[in-house]
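To start, the structure under review is shown below, and the notes come after it.
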Amino acid sequence: MLIAATLAILVVMIMAIMRVFIGPTLYDRVLAVNMFGTKTVLLISLLGFVMGRPEFLDIAIVYSLINFISVIGVLRYSDHFIFKQSGQSKK
Amino acid sequence: MFIGLYNYWVVIVLMMVGFYIVIAHGNLIKKIVGLSIFQTSVFIFYISMAKVDGGSAPILADEINQYSNPLPQVLILTAIVVGIATTALALALAVRIKEAYGSIEEDEIQKQDNLD
Amino acid sequence: MKDLLAVAMLLSIYGLLSASFFVAMDAVDVAFTEASVGAGISTLLMLVAISMTGRAEHPSRHKPLLALAVVIVTGSLLIYGTLDMPYFGSAEAPIHQHIAPRYINDSMQEIGVPNIVTSVLASYRAFDTFGEVVVIFTAGMGVLALLSVVRRSPVDIAKIVLFNDAMHERHLILRIVTKIMIPFILLFAFYVQFHGDFGPGGGFQAGVIFASAIFVYTMLFGMNTARRVINQSFIQVLAAIGVLLYGCVGVVSLFNGKKFFDYSALAIDPVAGQHLGILFIELGVGLTVASVMVIIFFNFAGRNETPRNSDKQDL
Amino acid sequence: MDAFIHISSSLFLLIGSFLCLSGGIGILRFPDFYTRMHAVGVTETLATAMILIGLILYNPDFLVDVKLVIILLMTLFISPTAGHALANAAMLNDKMQKDDNKQNSEVKSSTS
Amino acid sequence: MIVHLPILQVIIPLMAAPLCLLLTRPRLAWLFSLIASGLAFLISGMLLQQVMTSGTIIYEMGGWEAPWGIEYRIDQLNALLLLIISALSTIVLFAAETSIHKEIPADKHTLFYVLYLLSLAAMLGIVATGDAFNVFVFLEISSLSAYALIALGQDRRALWASYQYLIMGTIGATFILIGIGLMYQMTGTLNMYDLSIRLPEVAQTRTVFTAFAFVIVGICLKLAMFPLHLWLPNAYAYAPSIVTAFFAATATKVAIYLLIRFTFSVFGLSFSFTHLPLQLLFVTLGLVGVFVASTAAIYQTNVKHLFAYSSIAQIGYMIVGFSISTAAGLTATLLHLFNHALMKGALFLALGAVMYRIGSTQLSNFQGLGRQMPVTMAAIVIGGLSLIGVPLTVGFVSKWYLVLAVIENGWWPVAVLILAGSLLAIVYVWRIVEVAYFKPALAGTETIQEAPLSFLIPVWTLVIANIYFGIDTRLSVQVAQAASQSLFGVSP
């Protein structure tokens, strides 16, 4: 069952990567990256169980944190673009 | 015959992708991305060397008697830090170049330099 | 891929993927670091840098053929080189026979720490790790030398404040959730710092997590708020102190007549000395890494918020 | 009892995987950003929760369970927040672009 | 404390760097780094003394014996290199305080010293260590500080030069990392001495060959050997003068050291030179490098550029000496290493003085300088003569030994080509002399004064060393011979 779940998550990860490649807008990509990150968290947790050493879930915690931070980062700095662009267009 | 080596070959392909981006692309940021990919692939190469079939993570526990090799992992921990240090410095340089030249394209910078 | 932001995001995915691969390859400590560094910090830095340099790549192309040739030669040389390599995962390979067995079998008696990676990192090869700390310190100093902004006029600061306020009103929920999260992130950083002897983690990872909490805070509440909380020159002092703390552990053993980084000089019982030594140097690593990361990020972000037209003066 | 826990754990994992997959198909097949957002946002939290609960049931070790609960809580906090922020930013961006377009067209019409 | 000298050598400048940051006052930081560098110099002198009398010193970090821990292994070769680096650094640092006042914004002075010390410590660390991976780590410290130092230059082209150097340097370092990984894969060890024992068993494998190729290419990138030299001229030309003087005198020497160490000690002479066409390759590249770089030097309009190209040419000579792969050839290379550090240190430091007074090193601005700054220009002329290889200067000594070694090996054409290369050197040095002494001063430059004493003292220290070691060659030749013999002793 664990392995089946792992495989399912891998498939979803591939789908997410495809969306990152296709785009078309920045936000689609951010969404896909975010989803990818969440799935990685699940994958790591599952992998720990599949390999028989589930003590290492700390890594999964870090992943979810990093995921959150990078989404905020993208938003923060893409906001910057919007701000600059609109500022320029007004000039 | 060489089936036991496929892992390394995949890593080598990744490395070369990164390497190609570094030397062929003209955009400074993209060069840095390529460098990062190149380095990360080398890390993967090292870590693949450390793996032992049937081994487990090198953190001692009861009931486990085969561990993967800890030494390459230590080396790569150091190398990752080196990598991020290089990336940070390279990005800082790219930002300064943008401010000084108004562009981060290799050929445009080259052009401006030749004019001076 | 002409949009550099997308490239940065893909790089982040590459970081996550390689980190997952590291987990599958039993390298949990490395996965930890790669996740926080490759997917976290370097993506963030890249985003900040891209926000300053512009996100579109020019389509101009020049002579990819030469590059392709170089790459193919290098790649085929490498593949040629792998042909005589021991097979992937085989336990008979020389690397598993020569040095590593001693680490695996004896480190428990000699160092007394279950995480072999930590004991190799912090004791057997402590000098490499010292070098690593110095590398990150050097990078911090380099970024400082390149990007530090001298002083702004009050008008500029007013502009920045205005801009930040406009930004933050939009993300009310984000701000509140982050406010709740930050103490937990900091707590988790401490857990990673002191749990490094038993599981994956250690000073470096803890430093990065600690710094990333500050990053989130800075991103959501703006540089000026963050500057009020964290004094920049104080951070520089902290970075220096971290390196010195690490070095001093070695110097203490020098004064006790032992070799540099011989922790058994630190206590009467050698294993206790090792424990103490590892504790101190991990603290040094954590301190330096956290403060250098904050230095780097602050200088990038601070540069970012400077209005363009005033940039030329301090070059 | 053991059998029951085992079966329920498997069931949770199964549902979780199914939700994951549907989310994945959603992000790939839906036509525009907001519908994709919807697909991911709806499935993601639940799927994660299901899989993690499945793992908790599967595993008897207390410390590991605690960590899993932490991950679960974090996901429950983070996913919706990130989704909200993302949607918010995307909407603002759209609005701004429309404004810009409007302005541009006004400028054009006034000049022409 | 005498036992701990090898580690103190590296650790004093390394620990001084963060302390420098804490000092914040630039003047204090300067004094402090001068003291640290001076101490390193003293220690290296003592080390050389110790090594010459009692042989190789081994120092194990953390008390862990060699293949498990990291060891420092000081033999004659390392000791010589340590001495060169720390001596040059101390002398150059003496002039730093004055020079950077003009060339670097005031708020970055402390940072400059911090980075300088880091770079010094890292170079010493690379040379002292006996562990292949430790080499990589310290190489990166030295490179990172070098990138930052170069980017501190005033000209915006310094940024671009630094960026190019960064890309090339990182590729080089990553290549070295791959090479070390492959070696480690085949032998299971990272210690250089241990490697040299275990490598011959697997020497015939394709993997070791690849490892060798990657390490050598990586080092050559760092070394700026002829086809891979493109980053060097700009990096040297636009960096602050002090940085140029320091790097020109030391950085390439460290790379040459690594090349020698890896080919002779780690892989062993028989592997490096009998299985592979390395000799032919290196002689050709070295000679082509000499000619291309010297010719390029003739056409430069910026004196810093000119001497940077001349550095590449001099590297060519060292490569030729190295590729002869006899004890005599290696002696010549080591002598030239030492002598070139003296010449280039003096030349670039004198250029720093010119920069301090005029604010530019364009050749056209040199008009009339022979009368306005006679002492500085005299130093440049003597340094130039040394580059050419005129008797009574150090340049003559090392060329002499090089030609002897080449002839001993029966390579007559190579000897002729080396002498022809010197003729090119005459041309480019003459260009400077011509402009400085035989052209009238530019209008409005009458106020230019002689450089301040803080420049003249270090410059003339180096110039006098140039002449002294050109006349009394006993000391330098003895050390170089001992070093090259120790290498041939290790790997028969």
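Labels A, B, C, D and E are assigned to the chains in the order they are written; within every chain, residues are numbered from 1.
Quick note on the criterion: contacts are C-beta pairs under 8 Å (C-beta built on N, C-alpha and C of every residue); 3 or more make two chains touch, one makes a residue touch a chain.
Quick caveat, the model's predicted, so the values are computed rather than measured.
**Q** Steps needed, at minimum, to get from subunit B to subunit D via touching chains?
**A** The distance in steps between these two chains is 2.
**Q** How would the remaining chains group if subunit D were removed from the picture, with no chain shifted?
**A** Once subunit D is set aside, the chains that still touch form a single connected piece.
**Q** Moving step by step between touching chains, how few steps can get you from subunit B to subunit C?
**A** Each step joins two touching chains, and the minimum needed here is 1.
**Q** Select the chain at the greatest separation from subunit D, using centres from the mean of Cα atoms.
**A** Most remote chain from subunit D, centroid-wise, comes out as E.
**Q** Taking CA centroids for every chain, report which one is farthest away from subunit A.
**A** Relative to subunit A, the chain whose C-alpha centre sits farthest away is E.
**Q** For the chain pairs A-C and C-D, which is connected through the larger number of C-beta pairs in contact?
**A** Counting C-beta pairs in contact, A-C comes out ahead.
**Q** Just give me the whole-number Å value for how far the CA centre of subunit A lies from that of subunit B.
**A** Those two chain centres are 20 Å apart.
**Q** Distance between subunit C and subunit E based on Cα centroids, please, to the nearest Å.
**A** From the centre of subunit C to the centre of subunit E is 31 Å.
**Q** For subunit B and subunit E, let me know how many angstrom lie between their CA-based centres, rounded off.
**A** 28
**Q** From the C-alpha centre of subunit A to that of subunit E, how far is it in Å?
**A** Between these chains, centre-to-centre, one finds 47 Å.
**Q** Pull out every residue in subunit D that's touching 2 or more other chains.
**A** Each of 78, 81, 85, 89, 92 in subunit D touches at least two other chains.
**Q** Considering subunit A alone, which of its residues make contact with at least two other chains?
**A** 30, 51, 55-56, 58, 61, 65, 68, 72, 75, 78-79
**Q** Multi-chain contacts only, two chains or more: what residues does subunit B have there?
**A** If we look for residues of subunit B contacting two or more partner chains, we find 15, 19, 28, 49, 56-57, 59, 61, 71-72, 75, 78, 82, 85-86, 89, 93-94, 96, 100.
**Q** Of all possible chain pairs, which ones touch?
**A** By the stated definition, chains touch in these pairs: A-B, A-C, A-D, B-C, B-E, C-D, C-E.
**Q** Taking the touch rule as given, give the residues of subunit A at its contact with subunit D in the complex, in rising order.
**A** The contact residues of subunit A facing subunit D are 1-2, 4-5, 8-9, 11-12, 15-16, 18-19, 25, 27-28, 30-32, 34-35, 38-39, 41-42, 45-46, 49, 54-55, 57-58, 60-61, 64-65, 67-68, 71-72, 75, 78-79, 82, 86, 89.
**Q** Under the touch definition given earlier, write down the residues of subunit E that touch subunit C in their complex.
**A** Residue positions touching the partner: 4, 7, 11, 14-15, 17-19, 21-22, 59-64, 67-70, 105, 107-108, 111-112, 114-115, 118, 121-122, 125, 131, 133-134, 137-138, 140-141, 144-145, 147-148, 151-152, 156, 178, 182, 184-190, 198, 202, 205-211, 213-214.
**Q** Applying the document's contact rule, which stretches of subunit B touch subunit E when the two form their complex?
**A** Residues in contact with subunit E: 15, 19, 22, 28, 31, 35, 38-39, 42, 45-46, 49, 71-72, 75, 78-79, 82, 85-86, 89-90, 93-94, 96-97, 100-101, 109, 113, 116.
**Q** Flag every residue of subunit C that touches subunit D in the complex, lowest number first.
**A** 170-171, 173-174, 177, 180-181
**Q** Which positions of subunit D touch subunit A when the two form their complex?
**A** Subunit D reaches subunit A through residues 9-10, 13-14, 16-18, 20-21, 23-25, 27-28, 33, 36-37, 40, 44, 48, 51-52, 54-55, 58-59, 61, 63-64, 67-68, 70-71, 74-75, 78-79, 81-83, 85-86, 89-90, 92-93, 96, 100, 103-104.
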